[in-house]
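One structure, as structure tokens, below. Some questions next.
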Amino acid sequence: MGIKVVIIGGGSSYTPELIEGFIKRYESLPVSEIILCDIESGTAKLAIITRLAERMIHRSGLPIRVSSTLNRRHALEGADFVSTQIRVGGLEARALDERIPLKHGFIGQETNGAGGIFKAFRTIPVLLELSKEMHELCPDAWLINFTNPAGIVTEALLKHGPHQNVIGVCNIPFNMRNSTAEVLHVDVKRVSIEFIGLNHFVFGRRVFVDGSDRTQEVMQRLMTKQLDFSPANIVSLGWSDAFLQAVNMLPNPYHQYYFQTTETLKKDLAAYNTNGTRAEIVQEVERTLFEAYQDEQLDEKPAELELRGGAYYSDAACSLMDSIYNNRGDVQTVNTLNRGAISDLPVDAVIEVNAVITKEGPLPITVGPLPLSVKGLIMQMKQMEELTIQAALSGSTKDAYLAFLMNPLIQDEKRAQPLLEEMLLAHAAWLPQFQSKEAQRT
Amino acid sequence: MGIKVVIIGGGSSYTPELIEGFIKRYESLPVSEIILCDIESGTAKLAIITRLAERMIHRSGLPIRVSSTLNRRHALEGADFVSTQIRVGGLEARALDERIPLKHGFIGQETNGAGGIFKAFRTIPVLLELSKEMHELCPDAWLINFTNPAGIVTEALLKHGPHQNVIGVCNIPFNMRNSTAEVLHVDVKRVSIEFIGLNHFVFGRRVFVDGSDRTQEVMQRLMTKQLDFSPANIVSLGWSDAFLQAVNMLPNPYHQYYFQTTETLKKDLAAYNTNGTRAEIVQEVERTLFEAYQDEQLDEKPAELELRGGAYYSDAACSLMDSIYNNRGDVQTVNTLNRGAISDLPVDAVIEVNAVITKEGPLPITVGPLPLSVKGLIMQMKQMEELTIQAALSGSTKDAYLAFLMNPLIQDEKRAQPLLEEMLLAHAAWLPQFQSKEAQRT
Amino acid sequence: MGIKVVIIGGGSSYTPELIEGFIKRYESLPVSEIILCDIESGTAKLAIITRLAERMIHRSGLPIRVSSTLNRRHALEGADFVSTQIRVGGLEARALDERIPLKHGFIGQETNGAGGIFKAFRTIPVLLELSKEMHELCPDAWLINFTNPAGIVTEALLKHGPHQNVIGVCNIPFNMRNSTAEVLHVDVKRVSIEFIGLNHFVFGRRVFVDGSDRTQEVMQRLMTKQLDFSPANIVSLGWSDAFLQAVNMLPNPYHQYYFQTTETLKKDLAAYNTNGTRAEIVQEVERTLFEAYQDEQLDEKPAELELRGGAYYSDAACSLMDSIYNNRGDVQTVNTLNRGAISDLPVDAVIEVNAVITKEGPLPITVGPLPLSVKGLIMQMKQMEELTIQAALSGSTKDAYLAFLMNPLIQDEKRAQPLLEEMLLAHAAWLPQFQSKEAQRT
Amino acid sequence: MGIKVVIIGGGSSYTPELIEGFIKRYESLPVSEIILCDIESGTAKLAIITRLAERMIHRSGLPIRVSSTLNRRHALEGADFVSTQIRVGGLEARALDERIPLKHGFIGQETNGAGGIFKAFRTIPVLLELSKEMHELCPDAWLINFTNPAGIVTEALLKHGPHQNVIGVCNIPFNMRNSTAEVLHVDVKRVSIEFIGLNHFVFGRRVFVDGSDRTQEVMQRLMTKQLDFSPANIVSLGWSDAFLQAVNMLPNPYHQYYFQTTETLKKDLAAYNTNGTRAEIVQEVERTLFEAYQDEQLDEKPAELELRGGAYYSDAACSLMDSIYNNRGDVQTVNTLNRGAISDLPVDAVIEVNAVITKEGPLPITVGPLPLSVKGLIMQMKQMEELTIQAALSGSTKDAYLAFLMNPLIQDEKRAQPLLEEMLLAHAAWLPQFQSKEAQRT
């Protein structure tokens, strides 16, 4: 009796990476069944991915059954792991998340600012449904949530969903650890970074190699630009020495939205006027990818997938499943309940933190009080996340307005309102919770 | 044996208002001695104010002795109340606080943003000296601190000074209550407003007339612009209905810097290009005032003083002294130690809050948790205040940089640095604590 | 249109005191209607009390209507104030609360230890019913709860009842202030005591006369036994100098159960063997009182009532109603939501604290962190209260056992169990919530 | 260059166990030098132990140098690990800690109650001296503190000592895990127990075998008395089913002092009257042991040592050193700074908790809020610990009285005072801090 894995959003272009991950780790993580699950509008893509997955597994010679379905309830029954990589509204919705804020003079980004808030609004109700189904159909299964904004979505699931075996995963800490290992010329297994904060607002407080503190050396590499954590999809502007010396922690690439706002906005507007939004670029990449995926000769993950931006997602997910399945007790960076690990944040908040991974899930390692240098902003971000979740559930435009107002990328009491109205209108099809409250807005 | 009052910064143009206050309240607050104390460079102004005060008291026929001195230690001995209205570096320093940020594209304001932080840097060490002297020379006296940024300065005094009888006062809550009473056509004594938050970041959560909740009515008046809390020195841009409805609390005039940043910056830049900074306007007003003050016929507070912007400061200060002296047990809004009144903020933070005023000082009325709508931003502001105090004491440019970085009006990791450097240089004469650390900056 | 007051448990022997209170305060608190409400088994007493109340009011010549009813819903409609002085199970139940623990070698007291826990078990469900009715029938009325254990009952009502206008009142702080005024030979109005802690576990941290600190003088009077706070129903054993000097706060009479446990238990056992329980003494007093009440000549509160032990209850209740009705803003000691006033305790805990009394209810004055000297025990007591409320609602014997185990007067893992079993059996008639769970106990 | 270990209190009868531990683990923990350090009055014992250690190492054939000294400063220079197993005042002082409380009718136990408080008073100043020396002479070394009361002593060192590389160790969690493994017939490496609470007041919340929850099975074994955690030195009375079911966690043997107080006191008094105190029994055991140790033929740890009561201490210490030295990242139960791991306790409290052991020390695994069932009592115990540390530093008899008053095993305001006085007198020679304050007591 092997492991049953369900991939929600199985038609995603990322799926081949996950399949590859399961094949590579088969010895320690013996997956016997993979079900790719998607929604009706994704039928064509799902078929392509399923075929590719079949070829990859066939090539591996492993006894893994792969199948696809549009029937989520059927797929979930008896699952051991469920991973989510959905995008409610597809890349069209993402394009709106990016384009509308830019038009109003705000940063347009799919996981931060107005765009991230709306992605949360669209995603949370859908995943809360999944939470209910899992609670009923596979109560012991672990939900590995990749869907962005991963921190907010995971907090919504843990606070409001019945299914509590949920872990949020982001590839950013994974990438930062890999890049650090590379620049220090050591095996990544010997590197550990103390991560503290929130998803897409996480800092690396200290870097250790074999348990010895190498933080200052890594800070130096950041100052001399020998090290840069920006992924493919974020153009880096670099950090000033003043910032790195004063904060004395590793920033993550998304911090540039908050600490280099004016410059980033300018750059994004320029890029938008030249190449359109990131969503539109990705749409192009996806077209190419799916073309490649249809090649009946292709039976491994194609190199082009790297361009897609989500490198290491599969590694992050598979090692998490592996450690849970084998009760490894190793340390990984996840989005999980705070419970006091960061003593300044609410116990029921979700944080991004190093955790010991056991069969019973992640046990966060205590961080203590936040460093004075960034405590205030992290607390504001958490507050904004809480307001976002509240609005996603209430469908109240007042709550949505407050989430906008408390977001450091918006925070303009007058300009927030037309931005909000335009986004509510543009995304109306994916936001039933806000429609039923039509009245309130008039 | 009457009450002895010492006015630190006695040569200020505001002093006549305080003198008037003492005269008006003589029956319940029998002041027998007023000492106006100032520094050498203020000798000329001090003489003018002392003469005017003498004439005012003479006219009143009351047995109040007034005198002036440059010897602060001598003045403090045996004092009952000490009020501070100093401006380290004078209006020239204020002009720098306003002008340099504008030049760098940031809001230039003397109590918020970079300017407010530097005012704190200049003021805190001077008032900590006063705290030590009071602890020695008049240990039971109450220090009524008007000096801005009043919240930050009061927190520095209570956390780091030996003298603990310190209360910070701001005229903003006083003004808001008066304006509210006016628009509701009721006597101000019947109005109470539940104030919550921080100095210059305070909200009025609920408005009561004779104990009955009239908040929604007042919110309506704000929406219809029948009510505006902006004082003479802040041009109001008005609030959007969306903001007022969602926050559902009374904003204070300084909130526009944080919630209307772009627009306010634009307006301030335009004003600056036309009329110069507010400091320069005030310098002009001061010239006129001191001319008027020298008129030997003048024996009352001149009407022009209203233009100066600090209306009701004297009322706020005198009613506080009166309630302490008479152990009144009435409720006033002050800056005092939190101690749990706002359960989200540190117990040793200074907050702006309603308090029962007794002979033993203010007893803050419990607020409870902050409303979700503004909690995050208030917590960030408090954090920024803590960093400001830390930098004011350490003289570390790293700490100063962090205070800038965490200020929502700056928060740009690259642009913060040249702004900080220019301000440190411009204010060097008033910032000895930063000079002794010259090395650290190179 | 005057004030309508409903007295739940109107047939209580205390009621004449309340009636007298309303008569005395008529000018500022114009009560126009009093409804005495009781349950069927109290019909006879209710009739006697109602007749006496009518005579008292008739004598006063005031236009107050008094009536009685067994129909609580009818009584509540349109009420302004509701006071509760019920005793579920009557003095018979109280006798069990006192007798059974003594038999098992534990202190038997109706508001502390096992007895207090069972009084809470019997009372909470009944008053939660009242809360629902008030929420429906008189949503703006204030519930003034006298019913012991007043702190626990009030917390249960505020945490689990729909009606939030609830204030708990105890005469202990009232008595302590009166006794202090007496020993200092000053009018009680000039005295204020800073009370901190929990009902029946409250300390007086500081004593002020006209705002000046007189704490040490009062501590001296306690040491020399010139002052003793014990009411008629608690025989005082006095406090050691070591205790008074180290704690340096005014203990309340109930503290002897916790700090003089062995001695008190011995004394109570001796008294029990001689005179029976306090309940039995009170039954005797009650018989005498009701005899006196039936005297058709009697038209004022009889002096014998003082012996009953609840002196000043009426004063405490009437001044609270008066301050609410008139929005007085004076300070009274009440049981109300913590909200941060004591920063060590949960924000939703009920504490006994000084509060500003307004038309909108009590605004607790911030206490800050608890003194290190007693913090731990206060936190344990609060925890025990929480467990008691949990058990009262769940009807789980495991929860009840935990409440016993965490009570410093029991805290014996083996002896707690037979005590609990005997009390559950003895009180079964008044504890329906525990009956429906019969199964769990086997 | 191997590892240098210093054993403070090297003349202790426990030392051979540590020596054996180093020999057994040499491969992964290559100790090259062991210095046994003691005070002058321990010279004779130190010589015996050093000789035995030499023989043991000689037999092992390992290149470990062992030596002894009375010069602590000399010993510490360049140390990697320092372990402390001192007993200030020796077994004579322990006898007083046990005998005096019994005489006054209180439990006499060397780590709990009055005895434990006095052991802390004697130990803390001595170990704070050590902390200063380590900070100067071996700043990177780890102090592994065994000295009881280990939690209180470790908190004192971390709060008030300059040297922060301190870990407190107790063999109780170690024993509980071993006994659990035994009764479940599984290898101890497969067992993990979630420990929460304070030293000698720790609970095992959940038991896992290979990551699967087996808690209920272990609770059953406790109920059927197949499992008992009591060590040799504590006679077990067993736990009631009611207690085990309601608390639903594994109690530790010391809990019987708090939850079976009456019975334990009776038992201890009986034992005392028959065999004297535990100290006296141990004195006898020690005599036998040291006799055995002198046998020049003996070159291994003698079996009699097991009787001494501290089984597994050496295992606990050696595996801690091993994991630090090798940066193992495994989970061990230690006494370390809370930092939020238990969200109800102060961040700077020391707790007993599972921690990931790295080269940089223990990283506590987050526990979250304490279970409602025992939260209150744990908070009171922590409070009592804080008062004990405060008194140990201040030498104030008022503080010492408060520590007694807040200890659940004393808590009697009158009887605490003569007990305290007698103990202060009896231990005067080892309590210089209390002597210099002679005045305060009169």
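When the chains are written out, they are named A, B, C and D in that same order, and each has its own residue count from 1.
Assume a contact is a pair of C-beta atoms (placed from the backbone, for glycine too) under 8 Å apart; a residue touches a chain by one contact, two chains touch by 3 or more.
Everything numeric in this text was worked out from a predicted model, so none of it was measured.
Trainee: Counting one step per pair of touching chains, how far is chain C from chain A at the shortest?
Mentor: Step count on the best path from chain A to chain C: 2.
Trainee: Roughly how far is chain C from chain D, going centre to centre by Cα mean, in whole Å?
Mentor: Whole-Å distance between the two chain centres: 45.
Trainee: Suppose each chain is reduced to the average of its Cα coordinates; what separation in Å results between chain B and chain D?
Mentor: 55
Trainee: Please output the residue numbers of chain C that touch at least 2 other chains, ranges allowed.
Mentor: none
Trainee: With touch defined as at the top, which chains are paired up in contact here?
Mentor: Touching chain pairs, listed by label, are A-B, A-D, B-C, C-D.
Trainee: Quick one: in the complex, what on chain B touches chain C?
Mentor: Residue positions touching the partner: 208, 210-213, 327, 329-331, 337-343, 347, 356, 358-360, 363-369.
Trainee: For chain C, which residues are in contact with chain D within the complex?
Mentor: 239-240, 242-243, 245-247, 258-263, 372-377, 379-384, 386-387, 390, 398-399, 401-402, 405-406, 408, 411-417, 420
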